[in-house]
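Worksheet: the structure to be examined is printed underneath.
All chains are identified by letter, namely A, B, C and D, in their written order; residue positions are counted from 1 within each chain.
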Amino acid sequence: MNNEWLFVAFFIVIGALVPIAAISVAWLVSPKKSNPIKQSTYECGIETVGESWVQFKAQYYIFALVFLVFDVETVFLFPWAVKIGQLGLFAVVEGIIFIGILIAGLVYTWRKGMLEWS
Amino acid sequence: MIPISWYLTLSAALFSIGLFGVLTRRNAIAILLGIELMLNAVNVNLAAFWRYGDVNQITGQIFAIIVFAVAAAEVAVGLALVISVYRKKNTVIAEEIDLMKW
Amino acid sequence: MEFWKDPLKAAADWLAGILVGWGLASQVSQVIIAFLGVLILISLLMVLDIFLVWVERKTVARFQDRLGPNRLGPFGLIQPFADIIKLLIKEDTTPGGADKWVYNLAPVLSMMSVLMIWAIIPLAPTVVGVDLNVGILYLIAAGAIGTLSIIMAGWSSNNKFAMIGAFREVAILVSFEIPMLTILLIPTVLSGTMGINGIIESQSLWYVFLSPLGALIFLIAAIAELGRAPFDMGEAESELVAGYNIEYSGMKFGMFYAGELLHAFTFGGFWAIFFFGGYRFFGLEKVHPFLAVAVLIFKAMLGYWVIMWVKYTLMRIRIDHMLALNWKFLTPLAFILLMATALTNAILKNSSILIYWAGMFIVNIIIAFVALEIARRVSTAQRARLEGRKGAAAA
Amino acid sequence: MTISQIIFLVVAGFTLASALMVVTTRNLIHAALFLVATLFGVAVVYAILQAGFLAVVQVVIYIGAIAILFIFAVMLTRRDMRDRGPQMNRMQWIGALLALLIFIGLSFLLSSWDGYSAVAQEMPADFDTMGRLGEALVSPDAYLLPFEVASVLLLAALVGAVYVAYTRR
């Protein structure tokens, strides 16, 4: 079968098992004397006010959004970059047009002031 | 070896589950989650047909990549709309967003 | 004689012989050997990780004019083991309102995301875990799982500090991934492959000479990806107490901590692999595979040292400055550098190596100079505007 | 049953189970995390199909970006994360029936297709997926136009989404 992905699977599985083993050993040997004070949320000794699963501001979403678009873009660029050495100037220009269109998006976001942290 | 039918059945099942989510969930974000499942089902099909057809024809993979781009665009705009609606109407329940219903 | 040339291969062959002798199919025995190899490598990595705790503490002590751990064993070398025993027998508290499954899964994923990267690192020409032809994207994919573990840790802890820390950290991670990915396209363009081994093999001239600016941007983005100072927004002690891992204690915290150290070392290694020739050092790697491993470890340690140097020298940058640095400076700069590199590569690839190198280098220097000049002008103008506004307000 | 078949069945079962959890679990954050599990399962399916590029891209884009976006969106649109009230609408039984019918219909269609039990031929050892993708994406007689249009699509999505999500102060 496809051997190389089997190796990767080994790495992922063992990479998950090692921390699980460490945490399990710690769980076995560590004392367990829990009480409500220990279980309370740690906020430097001050009583917790309200829920912590609260609503967050939209700014984070904007950054994730811009990231998503550029992330997808690089996926198109990687095959292009691999082959660029053999394809000559025309392919380079195509890639530059591709990047240029996306930079226009970045410039738009920038000009609208949406990249400002507020 | 694995016959192609296994992949196609997996894809059909994934698609149906996604469809179920889209039809029945009340939360608009959950509906988008269902759509993601359906798009993935399509991609499994494309990859399977690439592998079981002529591997030198890379078309299946190219289509899958373009589906990735479309999925990303769909999620970006869809979630932005949900957030925008939430801000105005204070709800993400699809049935309660009836401004365009007359 | 054969044994000394390549001990690992010889050992693997010897083991395969024994296994086949037991009546196993040769394919099955290969898989078993691969499994054992991965197990040994990961165990060695964990030992290295323990050692890194000592390295980090010793180095920070020197930077701050202290001695660091020096009581237990020679130069305090036993100290990290004592730390581990403490972590093991420490009580593990879980906050009451936590989402148990997600809470326990997060540290495992965090450590896993670092360990899985080592699948693609070529330690020597013959000692490669897997030579994936999509190696660079695999590195980014592992980073994606790390990002997910942070948001899981922050969300499941049911703690406001953890939540804010996770959100900030994720905003930083995703932002700096863009210049990182763009810069990783440069070795891809130069070598014409995405496989890590291929990139090392094609570096007869280290890429740091072809793309010094790229190496610098990669280092900055890597430090941000690691969540280390000056970009340690997610765990800004003075604001967020400890950030996304605040509720974790005992071994679960240990996993986050060990993951961070090993991650830093790994990125030191990747800096060496992408821009400093990996295990190559004037033909030394061909003499013996272990020598190549030593060269790579040495280079990775140097990279790790640079990362520590930056961490313990600079102060934390405010989050708005950090995001502005990324989106308004590094990202456009990285894209322009990529386009210029691709163009220069296409124009000069048929000319002699000296002209190729000189062209690349000059392009890099010009871009760096122009970018810094523009940044200087803009910031001067901005400062003048702000001061003018302040002066007007005072008057 | 060969080993590869067992691996496939395990992965497919994992994928479908987590997909079911995506559409049925009450807590939306859990739904998003189960989506991550599903997408990871699909990535493993790509790896079994030897489409390595698709597998890593699946993890990079879906887990690294889209899932994060979903989690952010859930957190942005909830005052209280623990969902109260019904998560399904009144049509849930009809929806389930419809989904089941479509699955049965698709399976029926599939089983009547003559390539149903086709088996893949061996992959050429020196098959260069990345090189082929690169060539196909930039040659004018292949997929140059989709390549450039994709960037326009992404630009439109970026501009539109940022404009819609942005709050003016």
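Convention: contacts are C-beta pairs under 8 Å (C-beta built on N, C-alpha and C of every residue); 3 or more make two chains touch, one makes a residue touch a chain.
Treat the numbers as computed from the prediction; the structure is a model and nothing was measured.
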Remotest chain, subunit A as reference, centres from CA atoms: B
Chain pair with the higher count of C-beta pairs in contact (A-C, C-D): A-C
Interchain centroid distance [CA atoms averaged], subunit C/subunit D, Å: 28
Centroid distance [mean C-alpha coordinates] between subunit D and subunit A, Å: 17
Distance from subunit D to subunit B - Cα centre to Cα centre, in angstrom: 6
Sites on subunit B at which at least two other chains make contact: 65, 68-69, 72-73, 75-76, 79-80, 83
Residues of subunit A whose C-beta touches two or more other chains: 4, 8, 53-54, 56, 58, 60-61, 64-69, 71-72, 75-76, 78, 81-84, 95
Touching two or more other chains - residue numbers and ranges from subunit C: 132, 137-138, 155, 170, 174, 177, 193-194
Complex contacts: residues of subunit C adjacent to subunit D: 102, 132-134, 137-138, 140-141, 143-145, 147-148, 151-152, 155, 170, 174, 177, 193-194
Contact set on subunit A toward subunit B in their complex: 58, 61, 65, 68-69, 71-72, 75-76
Subunit A residues touching subunit C - in the complex, by the definition given at the top: 4, 6-8, 10-12, 14-16, 18-20, 22-23, 25-27, 29-34, 36, 38-44, 48, 52-54, 56, 60, 63-64, 66-67, 70-71, 74-75, 77-78, 81-86, 88-89, 92, 95-96, 99, 103, 106, 110, 115-117
In the complex with subunit C, residue positions of subunit D that touch it: 29-30, 33, 36, 52-53, 55-57, 59-60, 63-65, 67-68, 71, 75, 128-130
In the complex, subunit D residues that touch subunit B: 2, 4-5, 8, 12, 15-16, 19-20, 22-23, 28, 31-32, 35, 38-39, 42, 45-46, 48-51, 53-54, 57-58, 61-62, 65-66, 69-70, 73-74, 76-77, 83, 86-89, 91-92, 94-96, 98-100, 102-103, 106-107, 110-111, 115-120, 123-124, 127, 129, 132-133, 136-137, 143, 146, 150, 153-154, 156-158, 160-162, 164-165, 167
